[in-house]
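What follows is a single structure, written as structure tokens, with notes after it.
Read from first to last, the chains carry the letters A, B, C, D and E; within each, the first residue is number 1.
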Amino acid sequence: MLTALIAIPALGALLVGLLPKDKDALAKYTALGVTLVVAVLTVVMAIRFDNGGPRFQFVEKYWWIRQFNVHYAVGVDGVALVLILLSAILVPVVVLASWNDAERSGGVEEPPKRSVKAYFALLLSLEAMMIGVFAATDIFLFYVFFEAMLIPMYFIIGSYGGPQRSYAAVKFLLYSLFGGLLMLAAVIGLYVVSANAGHGTFLFDELTQLHIQPTTAKWLFLGFFIAFAIKAPLVPFHTWLPDAAGQSPAGAAVLLVGVLDKVGTYGMLRFCIELFPGAAKWFTPVVLTLSVIGIVYGAVLAIGQVDLKRLIAYTSISHFGFITLGIFAMTTQGQTGATLYMVNHGFSTGALFLVAGFLIARRGSSRIDAFGGVKNVAPLLAGTFLVAGLSGLSLPGLSTFVSEFLVLVGTFTRYKVPAIIATSGIILAAVYILWMYQRTMTGPTTEKVAGMRDLSKRELVVIAPVLALLVVLGFYPKPALDMINPSVKQTMVRVDQHDPKPTVAEKGTRP
Amino acid sequence: MSYVNIAAGNISPPTIEYGKLAPILIVLGAAAVGVLIEAFLGREQRYWAQVQVSLLGLVGAFAWTVALGVSSTPHHVAAMGAIGVDGPTLFIQGTILALALMSLLLIAERRHEPSPFTAQASSVPGSPEERESLVAGITQTEVFPLMLFAVGGMLIFPAANDLLTMFVALEVLSLPLYLLCGLARRRRLLSQEAAVKYFLLGAFSSAFFLYGTALLYGYAGSVRLSDIATAISSKAGTEPLLLAGVALLSVGLLFKMGAVPFQVWKPDVYQGAPTAITALMASCTLVSAVGGILRVFYVGFETLRWDWRPMMWAVAILTMLLGAIVAITQTDVKRMLAYSSIAHGGFLLTGVIATNQAGLSSTLFYLAAYGFTTVGAFAIITMVRDAGGEAWHLSRWAGLGKHHPLLAGTFALFLLAFAGIPLTSGFTGKFAVFQAAVAGGATPLVIVGVLSSAIAAFFYVRVIVLMFFNDPAVDGPLVVSSPTSTAAVAVGALATVVLGVVPGPALHLAQSAASQFFVR
Amino acid sequence: MTGHYLALSAILFTIGAIGVLIRRNAIVIFMCVELMLNATNLAFVAFSRMHGTLDGQIIAFFVMVVAAAEVVVGLAIIMAIFRSRKSSSVDDANLLKY
Amino acid sequence: MNVPTTHLLADALAATPRTEQCTGKPYGLGSFGCDPWWLVGAKALVIFVFLLLTVLLSVWFERRVIGRMQLRPGPNRAGPFGLLQSLLDGIKGATKEDIVPRGVDKVVFFLAPVMAAAPALVSFSIIPFGGIVSIGGHKTPLQLTDLPVAVLLVLAMSSMGVYGFVLAGWSSMSPYSLLGGMRSSAQVISYEIAMGLSFVAVFLFAGSLSTSEIVNAQAHGGTYHFLGMTGHLPSWYVVLLFPSFVIYLFTMMGESGRIPFDLPEGEGELVAGYHTEYSSLKFLMFYLAEYINMATLSALCTTLFLGGYRAPWPITGIWSGANSGWWPILWFLIKLWMFIFFFVWVRASLPRVRYDQLMRLGWKVLIPVSLGWILFVSAVRALRNEKHDMRPVMLGAAVLIVILLVVSAIWERASGSGKAGAAEEAAEPEPDPMAGGFPVPPLDAPHYHGAGDARADKSAEATRA
Amino acid sequence: MSLYVPIVVLGVLALGFAGFSVVMGSLTGPKRWNRARLEAYECGIEPTPQPVGGGRFPVKYYLTAMLFIVFDIEIIFLYPWAVAFDHLGLFGLVEMVLFIVTVLIAYAYVWRRGGLEWD
């Protein structure tokens, strides 16, 4: 089942890539079809997922590279499943949203000459990698997807992005690659530790049983954590994100911020904490500090931005601060909230990027001061923008509120001061979102904006389901929470000091 | 002491196992046939005859190597212990032969203008003689026997179980290469300069190798690696003679693979030599040199591990870092790949330092993986051409992805493999080597390796940016492909992908080859 | 006695090595390399005496062969570049740079 | 002993027969190295004087013989039969002005004659004059010394001598001298290869490089059935290895630089070759070197092929004491002078060859023939050692040799005509071999092959024909 | 080593004699300065000015020297083989045939490529 989820978009990418040069339309429809199939399959899987069943379901395990003890092992728990769901839903949306992006990209002045089918092939392969990275239960496999994912994204940004695209693409790639290589060192180290313990393995299940020397664990944790922190991005490693998100085409930006970066937070939750519980606790203060700084710093910088996409990118940095805060709060509520936050953030930021993309496509500029009074000419557009924005500032009733609330509550129960500081992020969020809305949508309609079309049908179809999901999850988050909760609880079992079977490592770090 | 005391024992004729040495003999025999072809065949028939003989020789040798590997558990010494026929050696030899076949495809390339090789190396560029020979359509066919001789030397080098045989093999592989380097028709002065530099430095380094051999002979009373190993373990303490010998010997060995601080020749030579020859050197010579290093350090100096390891650590670290850092500033694509090759030499040394079975097998795998990728990359360089020959300046490669997406894509694949991105052979190799090194207790080395990979990624990515995200020049280079070079590229790309996605069989081969270590 | 030979060989080798490093004429550099090889031969023969085995002397044969082959190849290369440039100074061979 | 070849060669060197040193029995290498210092000095001095006398005598001899052959008396004034003529010539040379031309490299100019003469003298130290005799109570061989690598010494010394010629030509700073020096060295080294190869068969049979051992090995030729007669034929290698002997004769002429191979000093073209600028005693040193070389080559030939100092067969058959005591010196001198006569005879009879003919003979005939001969001899000997029936092998080899000879003759003819074709076109501007002020051979120039242009095509056709 | 001492004795003698003669030659002869006599002898024509170092040798000589090296080294290997031939049996024969054939291949190449031509 999971293999099919990975294989279908991969094959789709191949198919689209091999289409004849002039069949652009066919490529688009093929891509849409494939992504829809994947989305449907994913939903089916989510329905068949047994919340009370074993942690990992839909498990598949085959030898891949026997010499390295590497398996092709996939399986999903609740956390992974919701993230896969997120990807599977967002990709068709993005395909539809970037229907004409490929032709138009590369700046306004340039003639449309980019290959359309290549764009969609890259999108599809990206989807395959994204599903693979969440599904992998073998660390090696995870690493492979983690790194390979960069390549299609790199080409999407580099070939179809804004004027500064190659700079942004290279920055994105090098940051991620650097992190990835550190992780590679840690992966190797982990393997060697397991090999020294008698049985070399990369399987997640087996690695969690491992007893690692505290010092070694700290180093390994750091290897993984830096990689994920770059990916997520956490504050000192964040500088690539505004460039990459700012320069990439809107659709790709959705995937980049909405899904790709979730791999970082997902990895922290799944690998950093579960594999090195002791080390994770040891590092918690640092991480919490960074998260809080991220929340505030991101928000403040977002307020100061003059570019729409960059602004949204900075809001994401702030939001990622919340997610890591939730994860490292080490409470069930916090982690559940963080997981849900990942999903919600995916949808809400996705929606923001999409609407921003529509705006930019119309106006030909992404500068905030290029807009003004849009709601007068394009009320539908302004409306969707408002809803998306409100979800970004976690208005009650929208799904983001639930997750942010959970995170804050979860954190507060254990770490009061960070939680209190983090709360200021909410206020700042209100400032940047509303101010942005005010500057772009309200006020007198400027000359350039005057002729702006409202949302087309296609665009409506794109944006509607996302917004709908935001609302639905806001009122009824239970299915998602039910899915997430068991996995998170198991994680907590690994980490919690009241663990019935404390490990040696934990003893060593017990306060 | 006079002659009388030396006179000893009865003479018993030595034995030579021709069957076990057949791959080497076939290649050298083909080279000899090539020389005869040069001597006795008319000018028009030479080219095809040479290509066929070289092809047959290499394929035959490869087949025989495979047969040797399959037929029995290979673990013999041949020729009175001078040549080891064992798993690792056969793997290395097989790799060399396969890579040599690919390089041969490039060398045999004659679709570009008259030929990439000058017809008369001794004629002054642009002289009337040269023009005359050009008009007459004279082509250089001596490259084939020269190449075969070099390959023969490369086959012996990692198999040599004593330092004398190794030295002779070193020269047999080097001397033809010196000549081949100077044969480029385009950019002749560069080519000749490369040849002179390569020659002088190569001769210099082989003198060091030899003096090291002499000192070790003085220490152990024999030049056979196993005798040296025995002497090391039986004699208490480490004598200056031994240490100096090891150091000098290492200079010679490290020079051949281009490790820092003996790397100066590499960029110059790679840049100046005809690209097909560069491909040969970057793949086969490197494989052979590393094979020799593996044998010397695993068989001869294994017991001395704790003395040479620190030195090799330093060399490996410097090699990885310098290769990666200096490559960033390069504007010539061949020169850039030369520095990249230096950096990869550093990664290979990480595997050597591991001194365990995993280190051996992973180094073997890395060699194969890197070899195929690098030949493929150089093959592409031969295809991108300007009016003045190959478009060597990187700026000329701008926007290649627009007009020739497949070619640029393949080159990007090779570059990504060099950078070690997963699902390419480069990643698998790097992973294997690093894993072995960590298991062998060289974790800091792996950290440095990881860092330099990150640095190296920068310039690989830069080229990709150039090809795909920059706008093509108006008079951009042409892509001149031909069946042979396309075949080389295809094989390289295939190997890069296959070894990246399903490396299992190849890894298994390397592991079972390494399972018995080197024969003493 | 052997010690003296070895010392001489080491001195010759060093002279050769220094010559390679400081001289600028390709032919002279090349001759310095040959000097190094011959110093090695001396060392081999001296060690051969010391150990009472003939191996060292035999190796000297092989070294001579190799040195001869190097001479042939080296002179050919140096002559080729000499013809093109009318100079055999390695300083004039400066087209290849970082 | 690890490397196979090492193994092989080391064993080979160690294979020199081992005898107790200085016992004198059996006579061989073991008999040497035990003379007291005065005996060594005396022997050296005797050889030195002997060589000087030989030179004086052979100069006179040569002039007399040639004179006779040309139906004139030759020198006959100074002393009985003009015997003192050459001595007087020497004295006269010493009183001539010693001219050192301007511009010569003075040091080298002075050293060159020394370097030419001294090695020539040294070669003779390993020539055996006879067996063991008793001098002043010491049993000692009539030979200055012997080495396990004695013959190599001769080759080494002749190579050293070449330095004298080359340096003489080089230091004179005159085109004729230079060319003469170059020619001399090219000629000597070319013929040295063939000469070295001609020795191989001898070593193969003697199993040694030591001259005394080689002489010994020729003493007992085993029993050969010859014309129904069983006897101890003196198995001289001149009989057994006749082709080697012939090759040696050729190379001997080439090495000595005498007519018909005296190209280095060919008067017609080079004035006097490398010693054009020399005069007085310096010139005489070259003269001396030439004649000593002649004597050395003759002595070596005697030793290697004619059984050295041993008496020839009929005499040994009649007189058993012929090979003992001081008598061998007589046999040795007879043989030596036979060869000197041969030199003179050749000189009187043959004209000088052209330089390209000379080199062609050396490179294209003598070398391949000797290599082939070595292969043949070794194959026969190896098979005989392995107890194979030799008759079919010999027959097959004979057929093969005939075929080879015919083929090579045809080839030679064909390439000769090809050469003529090329020479025809010599009027056309050829690539200048000295182009750009530096000589580099157009190794691959079209006129060597075929293809390329019309004239090369023509010659290629000729080659194929 | 004593085997070599007599050679040294004779060598010293020879060197002494030759050196003595050369020195004597310059002392005994008369000295009559004559400008023309100190020129290089070129059959009476104006001497060609020679560059320092004796000018350049035609390349043919280099070629010959290189070929000589190749063959001389072959001979180095032939001698010990010949001496030990009887002990090596067929092995020695086979190996040496291979060796000689290899050299002959190179020889054939040089011959055909005009390396042995003199004009």
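We adopt the following convention: a residue touches a chain if its C-beta (ideal position, glycine included) is under 8 Å from a C-beta of that chain, and two chains touch if they have at least 3 such contacts.
Just so you know, these numbers come straight off a predicted model, no measurement behind them.
Engineer: Please work out which of B-E and D-E is bridged by more C-beta pairs in contact, and write that pair.
Structural biologist: If we tally the contacting C-beta pairs, D-E comes out ahead.
Engineer: So, comparing each chain's Cα centre against the centre of all protein Cα atoms, which one is closest?
Structural biologist: Given all protein C-alpha atoms shown, the central chain works out to be B.
Engineer: Farthest from subunit D in C-alpha centre terms, which chain would that be?
Structural biologist: Measuring from the centre of subunit D, the most distant chain centre belongs to A.
Engineer: Between subunit D and subunit E, what's the gap in Å when you average each chain's C-alpha atoms?
Structural biologist: Centre-to-centre distance between subunit D and subunit E: 13 Å.
Engineer: How far is the middle of subunit B from the middle of subunit C, if each middle is the mean of its Cα atoms, in Å?
Structural biologist: Roughly 24 Å separates the two chain centres.
Engineer: Cα centroid separation between subunit A and subunit B, in whole Å?
Structural biologist: 44
Engineer: Just give me the whole-number Å value for how far the CA centre of subunit C lies from that of subunit E.
Structural biologist: So the centre of subunit C lies 21 Å away from the centre of subunit E.
Engineer: Taking each residue of subunit B in turn, which ones touch at least two of the other chains?
Structural biologist: 2-3, 6, 11-16, 122-124, 164, 222-223
Engineer: In subunit E, what residues contact two or more other chains?
Structural biologist: 2-3, 59, 77, 84, 87-89, 92, 95, 111, 113
Engineer: Among all residues of subunit C, which ones touch two or more of the remaining chains?
Structural biologist: 53-55, 59, 61-62, 79-80, 83 - these are the residues of subunit C that touch more than one other chain.
Engineer: Which bits of subunit D are touching subunit E when the two form their complex?
Structural biologist: It comes out as residues 8-9, 11-13, 15-16, 32-35, 40-41, 43-45, 47-48, 94-103, 105, 110, 113-114, 117-122, 124-126, 144-147, 152-153, 169-178, 182, 185-186, 189-190, 192-193, 196-197, 199-201, 203-204, 207-209, 271, 276-277, 280-282, 284-285, 355-356, 359-360, 363-364, 367-368, 371, 374-375, 378-379, 381-382, 385-386, 419, 433-434, 437-441, 443-445, 448-449.
Engineer: Touching residues of subunit E toward subunit C in the complex: what are they?
Structural biologist: Residue positions touching the partner: 59, 62, 66, 69-70, 73, 76-77.
Engineer: Which part of subunit B faces subunit A closely enough to touch in the complex?
Structural biologist: 361, 402, 405, 416, 419-423, 427-428, 430-432, 434-435, 438-439, 443, 446-447, 450-451, 453-454, 457-458, 461-462, 464-465, 468-470, 502-504, 507-508, 510-511
Engineer: Going by the contact rule set out above, which residues of subunit A touch subunit B in the complex?
Structural biologist: 63-68, 113, 115, 118, 143-148, 150-151, 154-155, 158-159, 165-166, 169-170, 173-174, 177-178, 181-182, 184-185, 188-189, 191-192, 195
Engineer: Which residues of subunit C touch subunit B in their complex?
Structural biologist: 6, 9, 13, 16-17, 20, 26, 29-30, 33, 36-37, 39-40, 43-44, 46-47, 49-56, 59, 62-63, 66, 69-70, 73-74, 76-81, 83-85, 90, 93-96, 98
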